[in-house]
Amino acid sequence: MSKYSLKNGGLDWKRAERMVAGVDIGAVSSKAVILVDGQPYAFSQVLTRTPKESSLKVMNAVLAETGLTLENISYIVATGCGRGQVPFAHRKITEIACATAGAVHLWGPSVRTVLDAGGQSCRVIHCTERGRVTDFLWNDKCASGIGRSMETFAYLSKKEISEIGSISFQTETFPQLSDFCTVYAQSEALDLIRDNVPIEQVIAAFHQAMAKRISTLVGRLGLKKDFVIIGGLAKNQGIVNGIETFLKVSRLTTKTEWDPMLIVALGAALYADDFYKGVKSGVSTSNKDESIFSG
Amino acid sequence: EGYPKPDLIWTTHLCSQHSKWYQEVSRRLGGIPLYAIDMIGGGNAEKDSKIVNYVSNQIEEGIRWLERITGREFSDELFIKSARNEIKCLVLWGNICALNRNSPAPLDERRLIALFPPALVDRTTDEAVQLYEALLNEVKNMVKTGQTVAPNQRYRIVYFGIAHTYGHPEMARILRDAGAEIVASVYTFGTCGNFRGIVDGRWSWDPIDPEWVEELDLSTRRKAIIELSKIVLGWPTWQGVRSYWALEQMARAMITEYQADGLLLAPSRSCETDFRNGYVGLQRIFKGQIPTIEYDSDQVDVRKMDLPGAKRKTELFVKLMEAHKRRHAR
Amino acid sequence: MAGLDVGHVNTKSIIIRSEEILGFATVPSGLKAVSSAQEALKKALQASGVLSSELKMIGVTGFFRNMIQKQLNIKIAVPEEVAEAKGAVFLNRNSRTLISLGGNIQKALRYDQDGNLIDIIQNDKCADGLGIFYTSMAKAFGIDEHELSELALKSTKHLSVAIHCPASAESEAIDLICQGIDIPDVADAILRFIVERISAMCTTIPLEPEIVVAGGLAKSRALIKHLSLLLKHDLNVLSTPEYVGAIGAVISCGSEK
Amino acid sequence: MTEKVHNTIIQKFRSITKNPHEYAKNLKEDGQLLAGYMCTHVPEEILYAGGIIPVRIISSHVSQGMTRSYMHETYCSFSHDCAYQGLAHNYDFLDLIASSSSCIHMGEAFNVWVRFAGFQEKSFLIPYPHIIETKFAGLLMKESYEAFRQFLEKLLKRPILDEEIENSIKIYNHTRRLLKRLWEFLRYEDSPITGPEVSTVTLASQLMDKREFNQMLEQLIQSLEVKPYKGPSGVRLMVSGGACDDMGIFDLIENLDYRANLIFVDSCTATRYFWFEVPEGRPDKLQAIAEGYIRRIPCPAKDNVPGTGEKKRFRFIQQFIEEFKPDGIVFLYQRFCSPQPLDVVALKPILGKLGIPSTEFELDTTLPITQFRTKLEAFLEMIKGVSP
């Protein structure tokens, strides 16, 4: 499945001064964003089985509709766990730095804490008003795979992944599940079903447990205002609300036109734009010490 | 939050974790003076003069430290009286638990757990000693008259684990409905109770004669400290800390002396030593010999307890004992 | 007579007339055990060309058996271990040890010649949900359970992932993919994780031959190959392994009569 | 010429850490007695004095489930792996195993060897204090060493003489001085040897006969002193944590997308193993060994200054920070390890005051390399101030 959409068709890249791209090669899906003169122009998302095959697929997906070719793109930054296998990338930046770059670009300089809740891992990142990372915390192993467990739980309850978030709203009261890890929550959820607990309550309880687990992670690093949630789990309303209630802080409202899974790729594109401007004007603006980049 | 800030921290150190929490408390509350007595547990520690001296030396130094920190003079007379009371309570508790060897056992785990807090919290006063002397007589009377708090004792269970698990309503119901009663448990017996322990190479749960405590020579501070170190090092909970051998001996002796029909193991995920080390090994050793079931419990963080598994396995435990009884009845 | 095994993941139903299997059907439990039980029974009846009126007795077993017994007022509910032991003996007379690999729970049980329980062990909490994990990894690779096993058989490398639990194994399997390792080797590592956990459990009780294997996971040839290597025993996978529980339920009805 | 010498020696050390059994078996064939030890609080000098070569039992990083039916799941991955070594009979060539009562997790691994892997008769547990900074602890250590000496003398059927112990103290002190000189190289920007290489040599020292090790290390140091090595220096990272015998993560630190150098490792498989000396020439040899081991950098499971509850290791860490000037600290601890993470919680505020960023990694039998690479590179981006 590959999703594609043009951000603003008004821009005509033929008359543009510079075209850059950011590519986020994830384990489950890969995303690409093209900027024209610093403005988001087009993005694509492709489900991938392995990162090796996905960098070309996702790049072709975003180029196909626009009539652009790889040569038109003057600077490409790769990020995500498969960033090492992107042959056409000029430079690689980790998804931690890209997450804050994209978030600050979208929600403005007041952002201080970014929660990137993806399929496999959850990362809490503190940043400055310009999006520079000041501290970050990666989930420990017993808190891994929360996003993926949502998918498995949806499969078990024969529902759609996008559905279960809203189902968890349909009930106020629900029992408590162990929030220590996904394996415990899942096996206790099955136990609840046996004790005739209605399925909506079980789904709500599962969301509550996973939201609590993520909130404890955010709490460990500390939460500085303003707070945003990106990554696939931001689309799960049950998790987002659970996190907001546990942390007693509400996040900045989502930018409806931007899919939260694309923000890391947007960040990569912003880096590409910045590096390209630096290369053209001979002064690297983004980082002081050029020599550390062996890549 | 909510607790008054302590002036000093006085604790022991057994596992590789123990005093580390108090160090953290001391750090967070701005550096409270802390003295930890290092108890190297492990099979037969109370008969190893090296370890008894090591613990006694630390207690002696600790007393001087207390005098410095509190600026108060230490009263040997009070200390020696409380040491004798303490040893008396521990020995009495051992005697009370030993009465459960009778069939039907007068008390069960739930009552024992309800009765042992005074021994745990304050065993240095005369009232505590009188309480346990009275309790011992009462339970002896129950044995004479065949009274028991758990009349239906179809299965007698030996339990290795922290108190929390069977107290869970569902598990308790499954066991009670099947007439399965926990008659002996290393936690309830061994956290503040003493027994003969290792006697020429074998563990014995025989109680110590309370009279022995009266004849103990506690005439000086040093002597009281040494007897106190020995009695505390003799607690069953320490024995298995460094040696599977002592743990296995304790389990084997408990199963035979208390004529057990089943061995219930519930290692606690939050305890690293007394109530987790060696339990999985015990299951491997005893699985072939007596109905044995092991599941994960947790004495601190209920999220980590294996509730679904515990319910399933408790039901299986009862079935295993039933099948074992039927097979051996033929 | 009909046997119903309403498990954590799948509901299996089988129709037997005087020790002859007429037909069977499997339906995902989907966290709605009652409706899936009815559907499975309906499908099994269709498959065996029997009318529901002709059914003399229904026996139910599996994780949701009490719930189904109450709501579909079925007379006999049989605990899983009894049903599976009876089913195993029915399918293989001289079997003495059964390894049952279900969706959420794995167990190993020993029994005498008429299926009476001697000893049993179940997986601990961190090893819950191995079957569900197997299916979800197949889905992540965009294939089904059978293909996952075929792919694993083609693996050449001897890679391994964390064996604490499905969550850790999944995060390390996904990490292997990010390293550019191709799917067969990752599938093989996943299977080795599942088998290591199952064998660690089974070896706690003495395994008396003949050892038979039941449960949905037993349909994975690669998994059984690894398991027999690790247990150093040859394993005999019962025919229609996931219906062993349902068969046992039927047999228990028979003996009930 | 020195370039070749330098690499061949390191290559030899690396091969010993890669397959320690092969090296140990060769020693066995030359008629040497071998003792395996699991925790660095074992007084190797006494073993060596009796002509027994101490060999540290390290993990093989084989992902296996077997130990889950002998030891509880929630003991650290390192202790599970060490327990597996016994159950898999990889070390059956050992004549005895010795351990001290230190971390409970390693105690479990030792118990599994003794109860289930056939080392019932060939094992000795040294009662060892947890709170080391007291004179009573020294007394207990001396008495425990005495008991250990008698056990060995019964095994060897001959006494272990004082001068034999004095001789082995000298050899071990020589090893410790050499290792210290080797690690001092890493202080300088243009160090002729990299952090992972130094860690490999230190791990090899725990697997080898010290006499042979000292000769090889002396040769290596001479060749290093002559060899100017002007490599570009990157971000200086210091590692602190539990036992880590997986050189893979150290090699990863040195070949990321951004240049980084591993300049110090505070762990019991590295500097905590040798950063002390046993006083020589003392009349009471066992007392001398006890005094030496008291002055070690304490392991988190044994770090409690009586009276204040302060942690002595933190003073050492601050001293290493001043001497080696790291730009960032990487905490490595095994999954389910209990002593180390509790120290990390207390260390973070101290590092915060010193303005040194830190990050944590959970080690396991197998490592998720891409995730670790991303975390390390993000950590370097943070230190180098990469921003859009």
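Just so it is clear, A, B, C and D label the chains in written order, and each chain counts residues from 1 on its own.
FYI, a residue touches a chain if its C-beta (ideal position, glycine included) is under 8 Å from a C-beta of that chain, and two chains touch if they have at least 3 such contacts.
Predicted, not measured: the structure shown is a model, and the values here were computed from it.
Chain D has the C-alpha centroid lying closest to the overall centroid of all protein C-alpha atoms shown. Across the two candidate interfaces, A-D and B-C, the one carrying more C-beta contacts is A-D. If each chain is reduced to the centroid of its CA atoms, chain B and chain C end up 41 Å from each other. With centres defined as mean CA coordinates, chain D is found 46 Å away from chain C.
If you average the CA atoms of chain B and of chain D, the two centres end up 36 Å from each other. Among the residues of chain D, those in touch with two or more other chains are 68-69, 73, 335, 364, 370-371. Among all residues of chain B, those that touch two or more other chains are 284, 296, 308-309.
Contact of a single residue of chain C with at least two other chains is seen at positions 124-126, 128, 162, 164, 168, 171, 175, 178, 204.
Residues of chain A that touch chain D in their complex: 81, 84, 92-97, 101, 104-105, 121, 128, 130-136, 138, 140-141, 267, 270-271, 274, 286-289, 291-295. Against chain C, in their complex, chain B makes its touches with residues 283-284, 287-288, 294-296, 306, 308-309, 312-313, 315-316, 319-320, 323, 326-327. Chain D makes touch with chain C in their complex at residues 62-69, 73, 335, 364-366, 368-371. In the complex of the two chains, the chain A residues touching chain B come out as 178-180, 184, 187-188, 190-191. Taken together, the chain C residues at the contact with chain A in this complex read 8-9, 28, 30-33, 63-64, 66-67, 104, 125-126, 128-129, 132, 135-136, 139-142, 162, 164-168, 170-171, 174-175, 177-178, 180, 182-183.
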